[in-house]
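Two complexes come next, and they have one chain in common, chain A, joined by chain B in the first and chain C in the second.
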Partner chain A sequence: MEQKVLEIINNIRATKDLAPVASLGNEDRLRDDLGLTSFDLAELTVNIEAEFDIDIFEDGLVNTVGEIYEKLQK
Partner chain B sequence: MAVFLYNGNREYSYEMLVDNINLHREYYPLYKTDDLFAYFENLVKAIAANRPLTLLDSDLSLSEIEGLDDGAVNIPEQLPDAAFADIDAVIEAVKNSSSEITIFTSGTTGQPKKVIHSISTLTRAVRISEKHNSDIWAYAYNPTHMAGLQVFFQAFENKNTLVNVFNMQRNDVYKAVAAYDITHISATPTFYRLLLPFEQPCPTVKRVTLGGEKSGSQLYDSIRLIFPNAKINNVYASTEAGSLFAAKGDCFQLPAALRDKFRVVDEELLIHCSLLGRSESFKLDGEYYHSGDLIEWVDEAEGCFRFKSRKNELINVGGYKVNPSEVEEAIDALEGVRQSLVYGKPNSVLGNIVVAEVLREEGSELTDVDIRKSLRDKLQDFKIPRKIKFVEEFTLTRTGKIKRL
Partner chain C sequence: MNILVTGCSRGVGLKICEVLLAQGHTVYGVARSYTDEFKGLEAAYPGRLFFKSIDLASSGNVRETVFKEFITNKVQLDGFVNNAAMAYDDIITNLNVERLEEMFAVNVFTPMMLTKYAIRHMLLHKNKGSIVHISSISAHTGYKGLAMYASSKGALEAFSKNTAREWGALGIRSNVVVPGFMETAMSATLTDDQKDRIYKRTSLKAATSVESVAETVAFLLSEKAVSITGQNINVDNGTI
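Entry: the complex of A and B
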């Protein structure tokens, strides 16, 4: 699962000409550390939902990578 | 006097604005800039001098708009001498200006269309009074769009302070609200959604306005937590007509004075042409303009209604309207693409996101990243599909009855 999330985030970074990140930490903030905008977050939800069938933003925003994992493990 | 604008770590006073207007007597009729103060200076200068002005987004690619002369962008034009004694004199000149301001709508077919507004339509909703003397505004809209202009004129004509938070990170928004004691915020529901989850209250904010897209009651509850001392209201404004009515909660009320300027036919809100800007693209039905917004009455006698959805196909992405035909045209023009179909998909962050189905030419190895990178030179960021699916055939028809889902 973590590998898949990494892949999805790196795909988004690629379209923005940002270098891929080698790994994700639980504390990494999606906006401040990974450089994702609101449009990127929308894209992230779509791709995660396509993969895991869970809308991570359904009840309020998630801010860190760790919070994504949490939602996916429920 | 209050500061005019805080942008990043820069501070600009009203005196500075007046000095610049008096000293630099040239302006840009077609201006594209990232510098918010320079943008406002140019706007005020043009209006105070009764000159026409076309507002262009800073990330606009000029090919997006037909009939726009590339060579004319950012070319200064001389203005007659002027000596405004102070900001009040500038504001008076703005209020009485005969300037025509051109902005762009997403249109319902093809490329964005020009709409020309007078200062009176742009400032219709501005309220000037002592009560507003010390308002401090978070500036959360794109400055070249209708909503951004509304907030600008409301703040400027009351000599309020604007704090730029447009496209800012969540933490920086919270910091700005606290650091500048912001009292007023007007923004899209997406802006507020991005402030979630609730962490700390912002007690200085007295008024929160939402506009641009439909918002659910869950969002209202969250906004109440973040801004415990704020009145929350909703505003209906459009590129075509400017600000028309505001309301509390999720209902709107037609103002009594304007009641005869609206009609509802087949649930669609029609707006009388006297309330509109000017555009060759408006198709009027008699004297009425079809807004494309479908409404339902809550109390017809009182003129209270609620928005249901949009009639046409424009996709509302975080308050930005995207015309699918325009995006399809741009994709279809790419090498290796035979045909594309663009539609909106509901999304918990932005309301909707733009999705494209693409049928490639035989042998083409075009990837989604290739397509999105090529589109960056042709379309503004919010119009670029966030999901691209390659298909062998189209399962949906664009003009047929099958809904875009």
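Entry: the complex of A and C
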């Protein structure tokens, strides 16, 4: 699961000409550390939903990688 | 193109399906009732017209009913036509909140939720889709008894304008077609005298052509309209 999230985030970073990240930490902030805008987060959400059938933004904002993992493990 | 059309079973929705099919597109229609007219279109265009019966008063489950069970992630959605609507006619002093809520669910809340998932679908497929809402001239001119209905259409127009602004950077367009009064089931309860008074307020002195409305929708969905977004296009015989 974590590998797939990393892949999705790196795919989005690639479209913005940002270098891929080698790994993700639970504390990594999606906006400030990973450089994702609200539109990128929308793309992240739909790709995660397509993969895991879970809408991570359904009940409020998600700020860190750890919060994504939490939603996916529920 | 693959197009989702709500309220596809009769009137303008049915005509929109007919025009899109004639242009070679594939149409995913949703409505409450599966009419003989729609079945006739299915027979004429086998494999390019699909139907799902959905009660659009239930705004909360459209992700499931429309996007998981009908337009799956395998389908690239190029356009969404929000045509389904219900009328609630009465003067304001008789306003009933349950009926108002039911109408807003069908005319505003469900279309907003469908737009949410249509845009998500477009993000997933990275395609520049086009959204077209069907409004009503009553939102602009005012007619006795249509305050509640017209206000639901006004809400849609504001939603479309903001959709265009918010998602334009990704190439997703949103427009509104504003028809004048047409001879459809929606206006069937009006008397001939009422209709005549309405038509007198138009430059062309007649009912708006359903075909002209449908053709305008098809144009806004097409590449020909690539530079048109955030607009309300009146197809109303020049209502004054």
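Here is the rule we use: the second predicted complex is superposed on the first by the 74 of 74 C-alpha atoms of A that agree within 3 Å, B and C clash if a C-alpha of one lies under 4 Å from a C-alpha of the other, contacts with A are read in each partner's own complex, and residues count from 1 in each chain.
Everything that follows uses one rule, which is that a contact is a pair of C-beta atoms (placed from the backbone, for glycine too) under 8 Å apart; a residue touches a chain by one contact, two chains touch by 3 or more.
All of these numbers come straight from a predicted model, not from anything done at the bench.
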Ask   = Given the touch rule stated above, what does A:Met1 touch, chain B (first), chain C (second), both, or neither?
value = neither
Task = Using the superposition on chain A described above, determine whether A:Leu61 touches chain B (first), chain C (second), both, or neither.
result = first
Message = I want to verify the contact counts: of chain B and chain C, which reaches more residues of chain A?
response = B
Query = Counting only touches as set out at the top, which of chain B and chain C does A:Ala14 meet: first, second, both, neither?
reply = first
Key: Partner chain in contact with A:Phe39 - chain B first, chain C second, else both or neither   = both
Message = Taking the stated contact definition, name every residue in chain A that is touched by chain B in one complex and by chain C in the other, in rising order.
response = 39, 42-43, 45-47, 55
Ask   = Quick one: in the complex, what on chain C touches chain A?
value = 63, 73, 119-121, 123-124, 169-170
Footprint of chain A on chain B - complex, ascending = 167, 169-171, 190, 193-194, 196-198, 222, 317-318, 345, 347-350, 353, 369, 372-373, 381-382, 386-387
Inquiry  = Looking at the complex, which residues from chain A come into contact with chain C?
reply    = 39, 42-43, 45-47, 49-50, 55
Ask   = Which bits of chain A are touching chain B when the two form their complex?
value = 11, 14-15, 31-32, 37-39, 41-43, 45-47, 55, 57-58, 60-61, 63
